[in-house]
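Each of the two complexes below includes subunit A, the first together with subunit B, the second together with subunit C.
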Partner chain A sequence: MELYMGIDVGAINTKMVLYSPDGGIVAHLSRGTTVDLEGMARSMKEDIMEGFDISDLKSVVSTGQGRRAVGFSDLSRTEITSFARGAFEHDSAVDIAVDMGGHGVRAMRIGEMGIISDFRTNDKCSSGTGCFIDATARALNVDHQKAGEISLLSCSPERVNNTCTVFAESEVVSMVAKGKKKEDILAGLNDMVARRIGALVNSMRSEGRILFGGGVANNAGVVSGLRKVIDRDIVVPERPELVGALGAALLSPGLHRSAPKENEKMEVKRSLWDRILGVK
Partner chain B sequence: MTITAGIDLGSTYVKGVVMKDRSVVGYAVTPTGEDHDATARGVLGEALKMAGVGFEVIERITSTGYGRRIATFANDNISEISANARGVRYVGRELGVRTIIDIGGQDTKVIALDEDGKMINFAMNDKCAAGTGRFLEVLAREMNVPLDEMGPLSLKSMDPVDITTTCLVFAKSEVANLVFSGYSKEDIIMGIHRAVARRLVAMAKKVGINDVVFFDGGPARNIGMVHAMENELGRKMFVPPMPQIVTATGAALIASDALRG
Partner chain C sequence: MKKEDRPARYIKERKGYFSEAQVDRTKKESKKMSQRIRKEMSSKKVRAKAMSYFDDVMEYGGPRVAELEKFKKGGGKVVGTMCVMVPSELTYAAGARSIRLCSGYYECVHPANELLGDAGLCPMVKSTLGSEMVGANPITDLVDLVVTPATCDGKMKLAEILEDWVDVHIMNLPRVKTGDTTSKTWLAEIEFLKSRLEALTGRSIGKKDIIEQIELYNSAQEVYRDLLEHRKGRRVSITGQDAMLVAQASQMDDVRRWTKKVRELVLELDMMEREGRFVGEEGGARILLAGSPMIYPNFKIPSIVEDSGGTIITDELCTGIRLMSDPIVLESRTMRGVMEAIAEKYFYPCSCPCFTPNDERINRIKMSIKAFGAEGVVFHSLRGCHLNNLEATKIELELKSAGIPMLKLESEYDEGDVEQVRTRVEAFVEMLRARR
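Coming up: the complex of A and B.
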């Protein structure tokens, strides 16, 4: 079995995917990103390869903010390129793919053949990113992974006035002191995140389908807020946090040589990406 | 004899000033607590103790700062911009101040004055923590350095690092990475001061910078911050001996202006 590894070193979590042309994603792993990126990536590689033959591993492609720190990778691709590739793999009819990451939001327009024709990013300000949710959930003493479900219980969401993550954190503390309900505060926070991301996406004036990925897409409250803000067909993959890592694995040079022939669409996509990457 | 008081209810500190015939006779500074009104009363009490007078002799109290409406015992309140400009006109009299840069705990103000000291333009950032006192406070904690030691320590820097992120949240992880990568504390701290200075000066340029530049607010006590600002501005600034209480002083003066009619 030929294996291709994609590693997405994000600001908060590092995601690793093992892709096989025969079986799709055969293994995946997520871990909190530590300051020792190189060491963390190595130990993740050791763990994910357990039960697999290391000689089957044909290539490793890294992506994400910390991609350059992965010494054992054969190739590095930007998070935009990788995410677009992963999103296209998931749904080739997607018009705009939105990566809602820990430290940034990136929206890219994907053309018919999987080519990125336009993109917008917010990586200057943490408002509306994963760490906004982390920080405010922490101030509420709520596990950030549960922030979504809890917020859905709210009947009357609070209005969060501060945009800045740091100031919103203090605002949350004072809301708690005033006896506001956790679910109402969380709903207000998730609505704010949805409004910010929605504004970015709406500025791209899409008519088509929109895919939301990245760790924040696991937050059901944000996704339901996005459905309100964006009046379009919205897709969220089952494991939205893995889109970038999968995309990276699929960008492996040489992957097309062993790709199964039966899937014609895949062939078109791959040859296109090979052209972009300059693979003969 | 006229005794007035000014209370500046900031996001991080509450400052109080007691003035007797337009001279500061007492002041106090206390971190902002849960109960703004109670903190403000405590600050006023301390300032009065220093002045050696009782609450009953105060003829008028003006509050200012973002929590100004919470101080129920004040006779009136005024925006921190006006109070600050009034304070500078008093503290910096005869200096010919034309530009004020005031860093607060959660906001930053730049005020342009004309030749007579009248406010002609201002800019304020209270939307983003970058370039505010909070930026310094959070990163000092991240580096495990007491806030008061940031300034002196940063002056030892020989090769300041460049902090590339703007957002405080991102800067926190950037600083953690820099510490991990083995950069010296002083180089990182000077980098932090420069990052704040870059933001402030960019904002000040929009308002227009003219000599003399007056620098106040709590972070103006930080000598490294003053150096970074002067470097970025390319000119000298005037920093008052008590930069934290300029706005409260302005509020006390506005109270006494009101008594004069």
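Coming up: the complex of A and C.
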């Protein structure tokens, strides 16, 4: 069995996927990202390969913020390219893929063959991403993994206005002091996150199907909030946090189609420029 | 009114406002930055040897500063400009020297922040101000007069604040390009500048002097166009950073010598191409750089692009190609005709976002995309550069309908955002390559 490994070193968690062209994802692993990226990646590799033959492993592609720290990878690709590839594998009819991770939110438009034609990311500030939900859940003394479920119990969500993580935390504290219910506050927070994602998606002027992935897509509250903000078909993969790692595995050089010669490409491009630009 | 007779507006008690330690730190950090960038740029595997001359010209406290100091000791005057729309031809015709004052030094932002608070102001404006306030850059000490058109809000107020330190001549730039009064106003401003320069040097500017300078600058442009030809091929022999450095050196150097040095550089590039020595990677994504000015040594964005598998093959920056394009066309050789030709060149071809309507800009970008074979546009906006920020949307939509992807980036004068920007640039390059 041929195996291709994708490793996604994210800001909070590191995800690893073993992909086989015959069986899809045959194994996966997820651990908290540590300071010793290289050591962590190595031990994850050892663990995931248990029960598999190492000689079957054809290539390793790393992605995510710490992609360059994975010494044993054959190739590294940005989280944007990898996620888009993974999203396309999941559903080839997707127009916009949204990746909400620990520190970043990225929206990509998926074109033909799963190639990105446009993308947007958050800029400098990671508010409203995974770490935001973590911080506010902590302020409410709630397990962040349950933040979604609990918020679904809310009947009248609060409105959270601050987008800054630190200020939002103090806003939460003042709501608690006023005796607001936990589920209402959480629902308000999740709605705020959903609004941010919605704004990003809307800025891409899309009318097609949306795939929502990344760790935050595990939060049912955000997903339902997003469905309210964007009245459209939203797909959430079963393991949304693995989309990037799967995409990385699929970007393995061995799995690639052969590219046309450079000269031919330039010829094609030149005539394309003439046609589309219409300038002499 | 001379600056001595004018009460200060922004710092009343200048003595002791900035501590010795801060002044020293600003100088030291600026020098270090210049050295670091020079080292980075000159340690590339393939680079024309002739480039080291331009490194010298742009170096912090380098040989050009010593040369100008000598010129000043002999009674010469130095004019500092903060825009491409100031005609250097007139400055030189008056017997003065012209230098670009805009600052790319990160450390100089801090003194300006202390004075103004974080006013959401563009870091280039703050750095230029900081540099002047603490005397951080030896080149700013040389300036007798600052000449700048009132372009964006930041530059205009910068000029006002600078009056506390140095004499400033602000040109009243009409920002609406259409209309009856526009060209008249600008011509009058150019004529007023001429008289101001004459008063500065005590030398009246004759028609012959101006024409001589115009011819010098036109031939400088011709040589630079030869250099640009070397960026059009499938592989290129000069990086976008180096081409930009060369263009910026033209605003610091003696133009006659600059032209000679660029000619030498072009010959070397010819040779490198014959020998098959190219910069960047094979099959690098061909990128057009657009947006806010990038002043040496703030070459953060181009260096990220060129380290991430991109090849900058052209730009539309007022710190790049625009410094050396659109020669002056003399239709009439009367004094009036010459002045009109100067006014025309230093206004209409300028595609600064401070103008409206500014459709010229998108047309120029499209023409460059085609002429240089660009696959994508990286549009960079300095934080607080509202005009470029606004135009980015318009340009992106226009390019999208032409099938050219654009990546919009925002950056500050510090190294904090390098990794985030790098990820986005890498993804953009990956995307451009995948599209082929």
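One rule holds in what follows: the second predicted complex is superposed on the first by the 254 of 280 C-alpha atoms of A that agree within 3 Å, B and C clash if a C-alpha of one lies under 4 Å from a C-alpha of the other, contacts with A are read in each partner's own complex, and residues count from 1 in each chain.
Quick note on the criterion: contacts are C-beta pairs under 8 Å (C-beta built on N, C-alpha and C of every residue); 3 or more make two chains touch, one makes a residue touch a chain.
Quantities reported herein were computed from a predicted structural model and do not represent experimental measurements.
Look at A:S92: by the touch rule set out above, it reaches neither subunit B nor subunit C.
When the shared chain is aligned, subunit C comes close enough to touch A:I80, but subunit B does not. In the superposition on chain A, A:S117 makes contact with subunit C only, not with subunit B.
Of the two partner chains, neither subunit B nor subunit C is touched by A:S224.
More residues of subunit A are touched by C (comparison of subunit B with subunit C).
Once chain A of one complex is fitted onto chain A of the other, the partner contacts of A:D36 are limited to subunit B, with no touch recorded for subunit C.
Residues common to the contacts of subunit A with subunit B and with subunit C across the two structures: 124. Across the interface of their complex, subunit B is touched by residues 11, 35-36, 103, 124-126, 131-132, 135, 162-167, 170, 177 of subunit A. Partner subunit C is touched in their complex by these residues of subunit A: 65, 77-81, 111, 115-119, 121, 123-124, 259-260, 262-263, 265-266, 269-270, 272-274, 276-277, 279.
Residues 234, 282-283, 363, 366-367, 369-370, 373, 375, 400, 402-405, 410, 417, 419-420, 423-424, 426-428, 430-431, 434-436 of subunit C are the ones touching subunit A in the complex. Partner subunit A is touched in their complex by these residues of subunit B: 11, 34, 106, 127-129, 134, 138, 165-170, 173, 176-177, 180.
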